[in-house]
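Taking it in order: structure first as structure tokens, then the write-up.
Letters A, B, C and D name the chains as they come in the text, with residue numbers starting at 1 for each one.
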Amino acid sequence: MSASEATAPVLEVRGLRKAFGGHVVLDNVNLQFQARRVSALIGPNGAGKTTCFNLLTGVLAPDRGEIRYRGQDITHLSPDRRARLGMCRSFQILNLFNDYTVLQNVRVAVPAMRQRGFNLWTPAGAVREAEDKAAAVIRLIDLAGRENVEAKYLSYGQRRLLEIGVALAGEPDLLLMDEPTSGLGGRPLETLRELVQRLSETLTIVVIEHDMSFVLSLSHHISVLHQGVVIAGGPPAAIRENAEVRECYLGTLKYTRRA
Amino acid sequence: MRNRSAHGTKGLTRRQVLKGAAGFGAGVGFIGNWRWARAQAKKPILIGLTCDATGTFADSGQAERRGMILAIEEFNAKGGVLGRPIEHKWEDTETDASVAVRKAQRLIERDKIDFMMGALSSGVAAPLSELAQRYGIIYFNSNSSSDTVTNEKCQRVNFAWDANNWMFANALGPLVAKDLGKKWFLLTHDYVWGKNATAVTRDVMKKVGAEEMGELFIPQGARDFSAQLLRIRSVKPQVVIANMAGIEQTALREQAAEFGAEKDAAWVFPQQDFPDMVTLGPKKSFGYFCTTWHYTLDEPGVKEFTDRFRKRWANAPIPVPDNVSCNGYLAARELLRAVERAGTTKSHDVIKALEGHVIKDNFRKYPSVIREWDHLVGQMLYLARTKKESEMKDKYDMIDMMSAVPPEAASPPRGVSTCKMQSYAETPVYGG
Amino acid sequence: MPLVTELITQLLNGLVLGLLYAVIALGFMLILGTMEVINFAHGALFALGGYFALALQPHVGWWAALALAPVGVGLVGLLMEFGVRRTYGRDPLFGLLFTFGAALALEELIRIVWGSRGYTISAPAFVAGPFQAGFLFYSKYRVLVAVLALLLLGAVWWFLERTPYGAIVKAGAHDSEMVRALGIDLARVRNLVFALGTFMAGIAGVIAAPMWSLKPTIGAEAVMPAFIVVVIGGIGSFWGAILGGLMVGLASGLSNLVVPRGSILVMYLLLAVVLLWRPRGLMGQKSMLEL
Amino acid sequence: MRSFLAEWTPLPMLGMFALFLVLPAVLPWIGGYTYLGTEVMIWAIFALGYNLLLGHTGLPGFGHGAFFGLGGYFLGMSQKWVTGGLWLPLLIGTLGAAICGAAVALFVARKRGIYFALLTIAFGTMFWFAVFILDTWTGGEDGLTGIKRLAVGIPGLFQVPLQDNLAFYYFVYALFVVLTVVIYRIVRSPFGQVIQAIKQSESRASALGYDTARYKWAVFTLSCAFAGFAGGLYSLARFGAFPEPMSLHQSGNVVLMCLVGGGFASFYGPVLGVAVFLVLRDLFSTLTDHWMLLYGLLFMAIILFLPEGILGLTQRKRRPAPSRDTGATPPPRGEIAAPGGPR
């Protein structure tokens, strides 16, 4: 690919503002996410991470500011339009098709399937590309052998992985992950860690995370949100040293204890 | 209460049997019931009664059913017809065309009835008579006062026992114009029957030289008529012709009293069902109307008939015979007499026995005749108004018969009839 | 100039109708908003109110009947809620179907007890008949209807704005955290609100009976305007329901004269227009019902 | 062979077809009547189509009787005044209902749940009133009578007159078989997969790039087309189109039919529901004048005690135990992991 493309950010946010009623949740947020990097967005609870994420994915519309994806203004595009542009997301609170098997969950997410969305006749199982793609993803998320188990019968850890898998099946070019590790531990967490590692070689990844160890070990660039404002941004090392960040996190630490 | 009393004795025992069967579980009751119907449907003469027990005409439907059952029981007491007992199987047609069609199909196909009778709304009568024509089974439209069933929708197998809009309007017209005034305002119930009634009213207006002050449609399901009443008040007609039926009519009168509108003009309700008058009571059922019969008439046979009826239906909601139940009674009786005359239940023969037959003991001043060209039962009419409470002997003695119109004057002449009756060849032979 | 006077009277009449519709609609909406149940039996309960009044009036008189009959209906509602309760949190369809069945059963019960013949209830003597005030000629009873309706609406407003229950009702079924915060037993609140909603249906039935006369089917027609009023006004909005009620009342009142044949359809037309213009109704916020 | 069966007519479906094939021979023996069987199949087509919306997309449409009725009217009107014949009117009935449905769907496609139900009720009732108001065309409460069951077949080769109820039964049977297969294919098609996904999580479906409103619009229209087709057959069965099937009451019935049988749990739910429902109604109305009471109570009982329907019960049985694995614990809601905290 050309050099210009390498430098130009995949996703760029300028002067984003969002208020609910009188309460300003995000103010003048500027962010840039570079290609084939893992960028993390962190911050204490109530910092506005989730709102920011909802703006990026099109669930909410900003009051001000704009969002550009590969130079295209997508500020007012609906979630499905963004997805069709190659922005795929995972959810913090598991959002799977519970009555579907693992295979069905992944398969319905494959673009090849989406393009045939209004095909009323040929059986869904007959869409080869979708089948192959799905199989590949399932191997990737370490669920091979459980293809035909309904999602609702998977263990929590496996559901978490499937959550990512469904997002991946969309053949993303930009992957947005909302707290992928929440409630995760042990083997599944490792699988996820390795997975993200591998993906970062080919994908642009934006992740919102609480689990600092996960973020610090994986991401190339971290932005810190606090009370709706970006207070710091840089490589993990820099962030680890940043006093302001420590301050606000310790603050929240107390805050969380009290809560 | 109506329903306990409304079953024939056979109906009662049958239902008890069924309830028992159902007690053992739907399956048992279900098959038991179905098989029972088939087993019984053979030997006796079985008459299917398609009378509403639900919907707009529920109470009238039950009234006509009482009349029919009484007639059937009287024949059974005399040993039946052609040595065969007479059975009746009733289905609730729910004042609803498609329910009626389904249940009629069941009566014909499963219960193998020999004859079918019962209808209040033209919406039920018209499709049923068409269905009957298809099977060739004789159907008596006992109480629908729509003109269509004896004109464009007339059928060889169908006989209409009630007087119709044309008759009501033509009987009323001259009197109204003469005594009440020539500035008329029309209220039209916005469905086929109502519009049909208003159409014939307009013809009559031309005849008697009345002037139309305006017309308002009453939508079906409308509950509030203050708008119309206020309009009438501002237009100031001498006469209001209200072609309305069912609950809309009672509600309208209710509100007319509320707005004192009954004094604004003389109200005429060409088609007046007695049960609606009972609903309203003497105070609110003001105005003039037409009727075919009431038990207070001083005519031969009326008293005996009334006594028999009161005895049989002592605890019915309306324990006296009225125009509706009398039609039901006469229809059933004349059908069975015709079977006797024909000596068979074969449809064509019975129709022939009915056509042109003159009914002398019809409890009226003048005999009725079953007209062969449109199968309308040509009959006399009474012009009436509600009695003052002071003059009433009992709560059902509400009708003050003002004058009588003989059949030849009341019934539409052959010239105006648009009926093109199917030939016998086109009509399938049923039963026998 | 009779035309103007007639128009004014028609407008007035539309308003009175509208207030009555608003009462019916509010009772319906209390239940809808609080437990997300479309109470299909609302119409049947409306009718039941009238019939209870019919039964009571000869013994206790109209005013007592006006007070007692709705209470009776409220009790029926209270009982119904024990069944409806099992449908909370499930697909809204279940609540809808349950009350649908209840509506059928109630209507038939009325038929069994009172028969399918119609009845009329006469209003107290002092409001019988019309009155003439200057150019204005109108029915006394309808003035009473308007007054009663206003009182009821005021009472509901007070309930919604001045009592903790009101807060819960407005918050809707979802915000059970807030309910817990207020330390209130949600089950009891729902039971109470259901009873209140049905009470409203009952009292509307009593008020309407002397005008519309009683038949077992009366409820079916009465509930449809309520649906439309609620959707037009916006689900969960008190003032929306009132505004919607008045609009529907005026529209159907006036259209009786302008386009009598379509006057029933006019409110549906109104509905369609409002929805095109404001998908959530005139005063509806983005409600949980869509999420 | 196996795969062929799975793709076209799985064994339960074959069984169902076989049953309906011999039904007319059996019915009289248990005391039934052919017409009832015909009605069951017609309503089954309606219910299967409607279940695309209710069971598979999870949209509680409550005014579908309207489109069922419209099918009959469009068929009747075209047969009487426009095209004549049988097949063309049937097609027109289907399309007419579909077009009306498509128009309504524009209003409701972005709604769901209770709001969806309310709006469909309102629009359904609107059509019902329209039929009465346009009585010059629809015949109002008299119904649009005089619809003909003309002979079908290949002109010149053979003709089957449908006047006779038995012939008509097998005419409907043939169509019932075809449409059941069609609907089955739709359910298993990509489209079918998408609408079922939308039912399970609309937010996820749109996050995957599906314009859910468009799919909801499409499935609503589609179900209206099936309703219209069934409605057309219904009007043929009764030689007329009548307002009653469009009433709120009938709209409620079809919902209940799907529910009773277990339309949420199984493809065949609606058919079973229709059969049970119509037979029970037939029985009730001969048992007592007050069958409406029984019927209403049944309604309530089913909702309370059998919400997932008859076939739902069979589904309850087979369920694998959720598998466990180490270290995975769902987080208490709103918990925050301390930065770098031990895990």
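In this text, a contact is a pair of C-beta atoms (placed from the backbone, for glycine too) under 8 Å apart; a residue touches a chain by one contact, two chains touch by 3 or more.
Every value quoted in this text rests on a predicted model; they were computed, and no experiment measured them.
Student: Going chain by chain, each one touching the next, work out the least steps from chain C to chain D.
Tutor: When the steps are counted carefully, the minimum from chain C to chain D is 1.
Student: If every chain is reduced to the average of its C-alpha atoms, which one ends up farthest from chain B?
Tutor: It is A whose centre lies farthest from that of chain B.
Student: Which pairing of chains gives the most C-beta pairs in contact?
Tutor: Top-ranked chain pair by contacting C-beta pairs: A-D.
Student: Which whole number of Å gives the spacing of the CA centres of chain A and chain D?
Tutor: Here chain A and chain D have centroids separated by 40 Å.
Student: Using the average of all C-alpha atoms in each chain as its centre, how far is it in Å between chain A and chain C?
Tutor: From the centre of chain A to the centre of chain C is 48 Å.
Student: Using mean C-alpha positions as chain centres, tell me how far chain B is from chain D in Å, no decimals.
Tutor: 38
Student: Taking the mean of the C-alpha atoms as each chain's centre, how many Å separate chain A from chain B?
Tutor: 74
Student: Residue numbers in chain C touching 2 or more other chains?
Tutor: 111-112, 261, 264
Student: Give the residues of chain A that touch two or more other chains, as numbers and ranges in rising order.
Tutor: Residues of chain A never touch two or more of the other chains.
Student: Note the residues in chain B that touch 2 or more other chains, in rising order.
Tutor: 3, 53-54, 190, 219-221
Student: Pairs of chains that touch, anyone?
Tutor: According to the stated criterion, the contacting chain pairs are A-D, B-C, B-D, C-D.
Student: For chain C, which residues are in contact with chain B within the complex?
Tutor: Per the touch definition, chain C meets chain B at residues 2-3, 5-6, 9-10, 13, 17, 111-112, 115-120, 123, 128-130, 137, 139, 141-142, 208, 210-213, 215, 217-218, 221-222, 252-254, 256-257, 260-261, 263-264.
Student: For a test of understanding, state which residues of chain B touch chain C in their complex under the given definition.
Tutor: So the residues of chain B in touch with chain C come to 1-3, 53-56, 58-59, 62, 190, 216-224, 226-228, 230-231, 233-234, 247, 250-251, 254-255, 257-260, 275-276, 278-281, 284, 317-318.
Student: Can you tell me which positions in chain D touch chain B when the two form their complex?
Tutor: 28, 30-36, 39, 129, 132-133, 135, 139-143, 145-146, 163, 165, 238-240, 242-245, 279-280, 282-283, 285-290, 292
Student: Residues of chain C touching chain D in their complex?
Tutor: 32, 36, 38, 40, 83, 86-87, 90-94, 96-98, 100-109, 111-112, 220, 224, 227-228, 230-231, 235, 261-262, 264-265, 268, 271-272, 275-276, 279, 287, 289-290
Student: Going by the contact rule set out above, which residues of chain B touch chain D in the complex?
Tutor: By the definition above, chain B touches chain D via 3, 6, 15, 18-19, 22, 26, 29-31, 33-38, 53-54, 91-92, 96-99, 101-103, 105-106, 109-110, 121-123, 126-127, 130-131, 134, 148, 153, 190-193, 195, 219-221.
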